[in-house]
Amino acid sequence: MRDFQAILNDIHSNIIKTKDKGVVASYIPELAHVDKNNFGIHLRTADGNHYGVGHFNKPFSIQSISKVLALAKAISFKGNDVWKRVDVEPSGNPFNHLSLLELENGIPRNPLINAGALVIADILISHLKNPKEDFLNFVRDLAGDPSISYNEQVAQSEKATGFKNYAAANLLKSFKNLENSVDDVLDFYFHQCSIEMSCSQLSKAFYLFVNKGKCLMDKAHLTESQAKRVNAVMLTCGFYDEAGEFAFEVGLPGKSGVGGGIAALLPNHFVITTWSPGLNRKGNSQLGMKALEQFTSKTKLSIF
Amino acid sequence: MRDFQAILNDIHSNIIKTKDKGVVASYIPELAHVDKNNFGIHLRTADGNHYGVGHFNKPFSIQSISKVLALAKAISFKGNDVWKRVDVEPSGNPFNHLSLLELENGIPRNPLINAGALVIADILISHLKNPKEDFLNFVRDLAGDPSISYNEQVAQSEKATGFKNYAAANLLKSFKNLENSVDDVLDFYFHQCSIEMSCSQLSKAFYLFVNKGKCLMDKAHLTESQAKRVNAVMLTCGFYDEAGEFAFEVGLPGKSGVGGGIAALLPNHFVITTWSPGLNRKGNSQLGMKALEQFTSKTKLSIF
Amino acid sequence: MRDFQAILNDIHSNIIKTKDKGVVASYIPELAHVDKNNFGIHLRTADGNHYGVGHFNKPFSIQSISKVLALAKAISFKGNDVWKRVDVEPSGNPFNHLSLLELENGIPRNPLINAGALVIADILISHLKNPKEDFLNFVRDLAGDPSISYNEQVAQSEKATGFKNYAAANLLKSFKNLENSVDDVLDFYFHQCSIEMSCSQLSKAFYLFVNKGKCLMDKAHLTESQAKRVNAVMLTCGFYDEAGEFAFEVGLPGKSGVGGGIAALLPNHFVITTWSPGLNRKGNSQLGMKALEQFTSKTKLSIF
Amino acid sequence: MRDFQAILNDIHSNIIKTKDKGVVASYIPELAHVDKNNFGIHLRTADGNHYGVGHFNKPFSIQSISKVLALAKAISFKGNDVWKRVDVEPSGNPFNHLSLLELENGIPRNPLINAGALVIADILISHLKNPKEDFLNFVRDLAGDPSISYNEQVAQSEKATGFKNYAAANLLKSFKNLENSVDDVLDFYFHQCSIEMSCSQLSKAFYLFVNKGKCLMDKAHLTESQAKRVNAVMLTCGFYDEAGEFAFEVGLPGKSGVGGGIAALLPNHFVITTWSPGLNRKGNSQLGMKALEQFTSKTKLSIF
């Protein structure tokens, strides 16, 4: 049997020695001021074990990682109807390009690019009674941790500077692919992205994708088939225009966020999460990707 | 000497017989309810004569035609500095595509597409004391007619439905190519487009482009060189992705608006304006283009 | 234990009843004349069993499926150097679009779109002594069947009509991403695509991707890591701009061809191949995709 | 009356002092070896006068300038039917981009980009008995100079390196917008571009566009309306993605070539030609554009 703790320790000691740690996101002060020496990695296996090294208990801004949780919630409400309003194809373009959205008449390429996540946010607003409160509770339930919260300051900073997201939401609205107002959708979206979680909390929250749709409390949020499909979307679309690279180098479904977090998983086996705030040129955590590559190389555990 | 009145009469009688009058813009009720049997044509020559047939004294929504007047005003303030924030190349794309704006880092292709006109509006807001009031007075002065006004209802309807313009303004803002707030820029822009003028009023207002930058009152708003360059921009960019077609078929600098108006001109010779609310597939007045093509064919008066 | 033969029988009886069988490729007569009532499905498991129904022993034109075998051979020569000349990202565009190739300076998005496959063909020509003969022998060895051959008539028809491939090869050459002449590369490529194999032969040939790089004769053509990466490329790029859809609905790495074949696989478990000549709008076998979707639904065997 | 000789002398002395002369085209040795200190300017007026300074009698490779003469010849055969196979809109893209051609189903944006010129070449091949010989004679007749010739070495060099043109021609062929073989079209096209002429010869050859379609020998090659339309196409499309800039700065219909030549004209007034081999970033003669800008500024003679 593999000694996962030893493997994580080994990766940790390699990674923290790396000089080029990437560049911390600087578009809002709350992200810009995060210390790029933070590095955490955490593993939770299907048999109930968990392992961590470094800052795996320190909360960070999960940002786009939240898109997967929002997608899961939207599917739990609408099932396959979600896919009438958003496609499942990789975008082949950086995450903020609006070109494809225009060409394709307001149907975002997938739910993990910003435009697609705005459509998912719109669905949640339409179905949740108190959208922000209810979504936060959903995440807290998945992670089994009521202390998880929005970072209101992050949400406000995003709102004050998120002109590209306003552009995307208005474009979606012009194609009638938003039911709610642009302002309501963006308020929800910026809050969703502002959630702060640690690696260990994320490992719990993503457990349903390992476990055929059932969370740690054994509640079925998704059917087995739905969970598989979310995994497929993560694999093909989870890393912006570096999705192919992540599949190629790491070989796990996963999702990154601009706060430097990554959540990845091997169905039926484990969730693995990393946090390192420095990003590479494509906006994904530079050392996080490296750590995961080392993990799947060392363990030979990947979907391929 | 040409008998212009006879020529206009002839064109008028041809045009009103045309069965396919195009499709009236329907995105706001104020435009949708305009009768597409309206047709006016008006000519004002450099020697002071003027000629009209049909509904040439009936005001209509000038919409994008206002972009040329706004550009002239912006140039009068900033001279060549205008061209640091907007280019002079034809877009080769429909008027509302945001793709190029993204590819070209927030520098609109030219000041006559919507994104470019928003940058021009931003310049005017920064330079005018009471932007909306002052701009309206500028137009009134050019046309020598204080009765010209904004149509507040049109401006409000545009604001309520203009999601693509909101998208464009937010995208410009994300590239730091707007100094003022998105809301202020759009409020100004929607008002500017809501101005109502008749063909005969437009013929007066556009006279400065015939007359080396001097308006009918002989006031020099632009230098001769500046006026020529505005004419060049109209020729290459005045008809969205049909600019080549208009140059090819008509051969005059001009600008169309979604309200069905067209203002065109032969430098040193005349302004000619038409109004017919039905649009062709590319969003230009179908019968207006036809009327102007007949005019330059009959008179052989074009820049080519 | 699953009764695979019963499952295949069941799928077969469902599929042959389907009325909409898609549209057979018509750009060359050799494909156009294939009967669209052909349907075969074949499964070969890692434990040495195999199962088939329908026309699983009838050879068909493997077309783009050959790209995966060519890629494997190129990697066996050049290792990671292959990736200097071709990327691993999904294209997000139909298979024959040259736009991205221009934008990205002659580096094809991945080795499974035509432009990328031409680069792979170029690598093989540079490394094989008798390129066409040697590549055919490689395929014969993988499948353990010396009767596999090029269809010379298909190759000649492709050559006579393959203007888009000539365009792509010339564009690659203009970016200096072909070492050999355009004509030599295309001659090799058209032959490679003209290979005829049955489902059962394909199941054998693709076995190395199930088996960590070792073929049925236990010869290591690729390292385990290389085999995994080819699988990753198949998953993200194997179905043109429907790769996301295939991952989503089927959840297996695979590759389709315009002759109506599909080869897919679950690493360490099985290869499954289908043949149904009718294509869907995106150019993938309509019933083949449906059959594979039924297989992974029924068996719950997918990478996700 | 203007003293044109003095004006040209003045421009010449300004221009030759300019330090940044641009970059000579280097893709074939015949162009790469041209001395960038060459500079000629020549003017031919409608009243029969002509003026020149510098190397205005030294032949150079006219390259893309030939596209206008080929277009005129094609229109003389096919009239408006030419426009069924090529559009008249500015491309808004660099001259060699194939993207638009794909998006627009093989109809080139205009006859002055390479793809459009290939369609025009195809028309000429279909209509001329001895295409290369007859086209050369047409140019010789226009210029009244039988010494004008193809540079066979240039044509062969273009053929050996013109992979992007081969790509474009194959793409056109794939859309069935070439009647003749790709090789025949390119052979004609590369020869057409290899014609060598001096500024003074070009001034004569372009005279028909000044003179309502009639050449210097008073032969009507085009109708007045056709000549105007060629002028319109030159204005909107003659300078690749710098057409707007040329209209804006110079204000004359014209066409540049990669050999450093420019032919421009004011209808009914004059042809003006320049030659300076150094190109700017967009591929147009850097000093030629500057010289023409000075000419229209000094004389105030432009279409605007």
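For clarity, chains are labelled A, B, C and D in written order, and residue numbers in each chain start from 1.
Throughout what follows, a contact is a pair of C-beta atoms (placed from the backbone, for glycine too) under 8 Å apart; a residue touches a chain by one contact, two chains touch by 3 or more.
Treat the numbers as computed from the prediction; the structure is a model and nothing was measured.
Peer 1: Chains shared as neighbours by chain A and chain B?
Peer 2: none
Peer 1: Please name the chain that ends up farthest from chain C once chain centres are defined by their CA atoms averaged.
Peer 2: Chain centre farthest from chain C's centre: B.
Peer 1: Between chain A and chain C, what is the gap in Å from one C-alpha centre to the other?
Peer 2: Averaging C-alpha atoms per chain gives centres 32 Å apart.
Peer 1: Centroid of chain B to centroid of chain C, CA atoms only: how many Å?
Peer 2: Going by mean C-alpha positions, chain B sits 55 Å from chain C.
Peer 1: Measuring centre to centre with CA averages, how many angstrom lie between chain C and chain D?
Peer 2: 47
Peer 1: Find every residue in chain D that makes contact with two or more other chains and list them.
Peer 2: If we look for residues of chain D contacting two or more partner chains, we find none.
Peer 1: Could you draw the chains as nodes, link the ones that touch, and say if you get a line, ring, star, complete or other?
Peer 2: Shape = ring; chains linked end to end, path closes on itself.
Peer 1: Going by the touch definition at the top, which pairs of chains touch each other?
Peer 2: A-B, A-C, B-D, C-D
Peer 1: In the complex, go through chain C and note every residue touching chain D.
Peer 2: 97-99, 102-103, 163-164, 166-168, 170-171, 173-174, 182
Peer 1: How about chain A: which of its residues touch chain C in the complex?
Peer 2: Contacts found on chain A: 87-93, 100, 109-110, 224-225, 227-229, 231-233, 235-237, 241-245, 247-248, 251, 253, 267, 297, 300, 302-304.
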